[in-house]
Amino acid sequence: MSWTRDEMAARAARELEDGFYVNLGIGIPTLVGNHIPPGVDVTLQSENGILGLGPFPTDAEVDADIINAGKQTITELDRTSYVSSADSFGMIRGGHIQLSVLGAMEVAENGDLANWMVPGKMIKGPGGAMDLVAGVRRIIVLMDHVDKNGVAKFRKNCTLPLTGTNVVDMIITNLAIFQRPTRQSPFRLVDVAPGMTAQDIRDRTEAYFEEAL
Amino acid sequence: MAQKIYPDAAAALDGLLRDDMVIAAGGFGLCGIPETLIEALVASGVKGLTVVSNNAGVDDFGLGKLLRTHQIRKMISSYVGENKEFERQFLSGELEIEFSPQGTLAERMRAGGAGIPGFYTRTGYGTQIAEGKEIKMFDGENYVLERGIVADLSIVKAWKGDPYGNLVFRKSARNFNPMVATCGRVTVAEVEELVGPGELEPDQIHTPGVFVQRLMLATRNEKRIEQRTIRQEAI
Amino acid sequence: MAQKIYPDAAAALDGLLRDDMVIAAGGFGLCGIPETLIEALVASGVKGLTVVSNNAGVDDFGLGKLLRTHQIRKMISSYVGENKEFERQFLSGELEIEFSPQGTLAERMRAGGAGIPGFYTRTGYGTQIAEGKEIKMFDGENYVLERGIVADLSIVKAWKGDPYGNLVFRKSARNFNPMVATCGRVTVAEVEELVGPGELEPDQIHTPGVFVQRLMLATRNEKRIEQRTIRQEAI
Amino acid sequence: MSWTRDEMAARAARELEDGFYVNLGIGIPTLVGNHIPPGVDVTLQSENGILGLGPFPTDAEVDADIINAGKQTITELDRTSYVSSADSFGMIRGGHIQLSVLGAMEVAENGDLANWMVPGKMIKGPGGAMDLVAGVRRIIVLMDHVDKNGVAKFRKNCTLPLTGTNVVDMIITNLAIFQRPTRQSPFRLVDVAPGMTAQDIRDRTEAYFEEAL
């Protein structure tokens, strides 16, 4: 058994605390916004220059001047402010965003992250990913546990070009959850998908990790 | 007062263009891009351009139009994923690309405009982006030295502009435009609406007129949407 | 939502103060200074402070009040000319001063708030200000490495603020307040007017709420004028 | 015969060109604003964060939130914009201000300027002077030709702590005017006060200069 994408997103959403400013990456991380626990108020940031992202617009509300970092149409809220991209990345780089949830191709046991270059494909560029992992205080990665070929994505070392070094705090895969209290600590396995054992996870993981189930 | 308003984009660019120049352009994706000025650049035939812009447009819109005509030699961008012609020219060696992380790119343009030739950032440390760049430790942490960018010409899109060159942007169409406006030796702005002196509130001007040498009314405001995402009902 | 509005200055500072901390304060001269919060700092008795502020107030107003009570150990400022008590304490060795040129000081606070530990500027090259600092040449010109400033606490004065901590400043009272708001580990704002959610136009917010952890209604808005210069008739 | 302060300011004002953005220092340089030639439109900048300074207010117009860099009450114009001090010095440091007129204690023949520390007096700090001389494209100094003790203020070397190195383009004193086409050139004497000769100026100047009367 493995967790669904929505279950993974919901698990990430449990890490949100009331009052947090949060940046959600493109793809599965965006789903986290659908699972914010009741009583927890978070403000979503989009690195192109929006603090306080609203939901997608209705057809009548679509405004070409309101798009998020994924270039999707979006709406504003009663808290929203717009800033330049320089000021937006000032928030990110300056550590004012508490949490970012991102996708990944590989994570290394030392917290290195690779998520911007697909081998053998045209390089599209890092976008804001390098800035986010370098600046946001806590980074949660959502990814499949193994790739299409069954190769572990949580590894001793990243084989792909890095997005950042020693930047990941928590990994949520479809099979397991790893986290560490500080960036000087090793990752610990803290949860597994239903029917999975710690040994099942060891069999599918290259990285060193401790167990804290 | 020195006249800053020009009748159209061709007039506003007259005398400013030369082959192999560096042009910084505002916008994020297709949002807030100077559509009218890009079209005028295509018409001008200027070539060998180095273009500093977060993205490179799509195949038939935005900077993609200047790629199609092979007027761009090099892009300095953070992400160029939505453009097949870009990929073709890059893989065939016709086009050069310098990647800069998005926040670093924004800051490099702000720095260039503010007389700061270099600054340190943690972004990109330990990655390919840092290769060949100076690394310096501050308080036990390593940072990468990044350079300010100054362009020969900057082109921006604003919502409103007045005869003094004061600009106001609208919502997330602001994005890179304010920094782009500061980093050009000459900056030309196209505006959706020209307003009279004193019509912009002094506390609400995003780009003061000192940064804008020429402006004109935008005649292209298609504002194409890349990802039209909608919900069905009220929440 | 996490509650950001506090009933008064004492409550807004509760739990944030400790001796020998670094406090950044907004304002230029006596314009745009957080009068109410300064008064509360005096009342708190916190001491050994390092205060980052462009100026040091006058003898009986602004930061001058904290100097009188000997709560400040060190100032980081660009100009401290209007304060006799400052001069007395400095000459007697009770008070330390680190001068930073005004633009460098503004940029150092912006840098600290934006995660930039250091940047290069031509300002001060070849002067006492550059002594002991790294010099680096870019394109044939020498520049001085200046450090970003991060404060334990920032205090600012704004015109309007909403429950999310979004702030709007008024005219030249903006001055250092926006950068000060970004460079504090915790930032407390006093506002002349508290407005409701959505009352501030999203395009016109100067300091987004992410930078403001606590705010309260200012009860001191004396806004003393240093140089009341007037003309007699209409021009 | 020597020029009055107003005559010195008027001479500096002749250097203004239509469309210039200009920063005027505190003291005599402020008078330059009273002598802007007809047909020349300049925008005055104040480094605390105003672009487009208006005249002093009438008594009824006084607004404590509108002050210039000299902390004087001032008014706004229909072109005025307010910015943060960081953005204001971005204009200055980035070379967007064409001209600044400043006072000086000493200028050296190589263009070094000293105007921030008075010997034997409490140091008040440089304020924005170091930023202005480092960033503004052209610097004009207005000063008396000799100090109270008759000592030349245009010197071989500055004896006082410097505000900037090789930053002065033109010197207007009460007795003479010196300028240079580039910062690699020596200063040239281009004008003298009525009744003065080049030799009179040589007698009262320590700096090397060429003559171009």
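Note that the chains take the letters A, B, C and D in the order they are written out, and that residue 1 is the start of every chain.
The rule we apply is simple: a residue touches a chain if its C-beta (ideal position, glycine included) is under 8 Å from a C-beta of that chain, and two chains touch if they have at least 3 such contacts.
The model shown is predicted, which means the values in this text are computed figures rather than measured ones.
Common neighbours of chain A and chain D under the contact definition above: B, C. The distance from the centre of chain A to the centre of chain B, each centre being the mean of the chain's C-alpha atoms, comes to 28 Å. Rounded to whole angstrom units, the spacing between the C-alpha centres of chain A and chain C is 35.
For chain D, the set of residues touching two or more other chains reads 76, 82-83, 89, 92-93, 134-135. Along chain C, residues 107, 110, 114-116, 121-122, 169-171, 174, 202-203 each make contact with two or more other chains. In this structure, the chains touch in the following pairs: A-B, A-C, B-C, B-D, C-D. Listing the residues of chain C that touch chain A in their complex gives 1-2, 110, 112-116, 162, 164, 166, 182, 197-198, 200, 202-203, 205, 208-211. The residues of chain B lying in touch with chain A in their complex are 28-32, 54, 77-81, 87, 90-91, 97, 99, 101-104, 106-107, 109-110, 121-129, 169-179, 206, 223-235. On the chain A side of its complex with chain B, the touching residues are 46-50, 55-59, 62-68, 70-74, 76, 82-86, 88-89, 92-93, 112, 122-131, 134-135, 161-165.
Residues 107, 111, 114-122, 136, 138-139, 141, 143, 147, 168-171, 174, 201-204 of chain C touch chain B in their complex. Of all residues in chain A, those touching chain C in their complex are 18-19, 21, 41, 43, 45, 51-52, 76, 78-83, 87, 89-97, 134-135.
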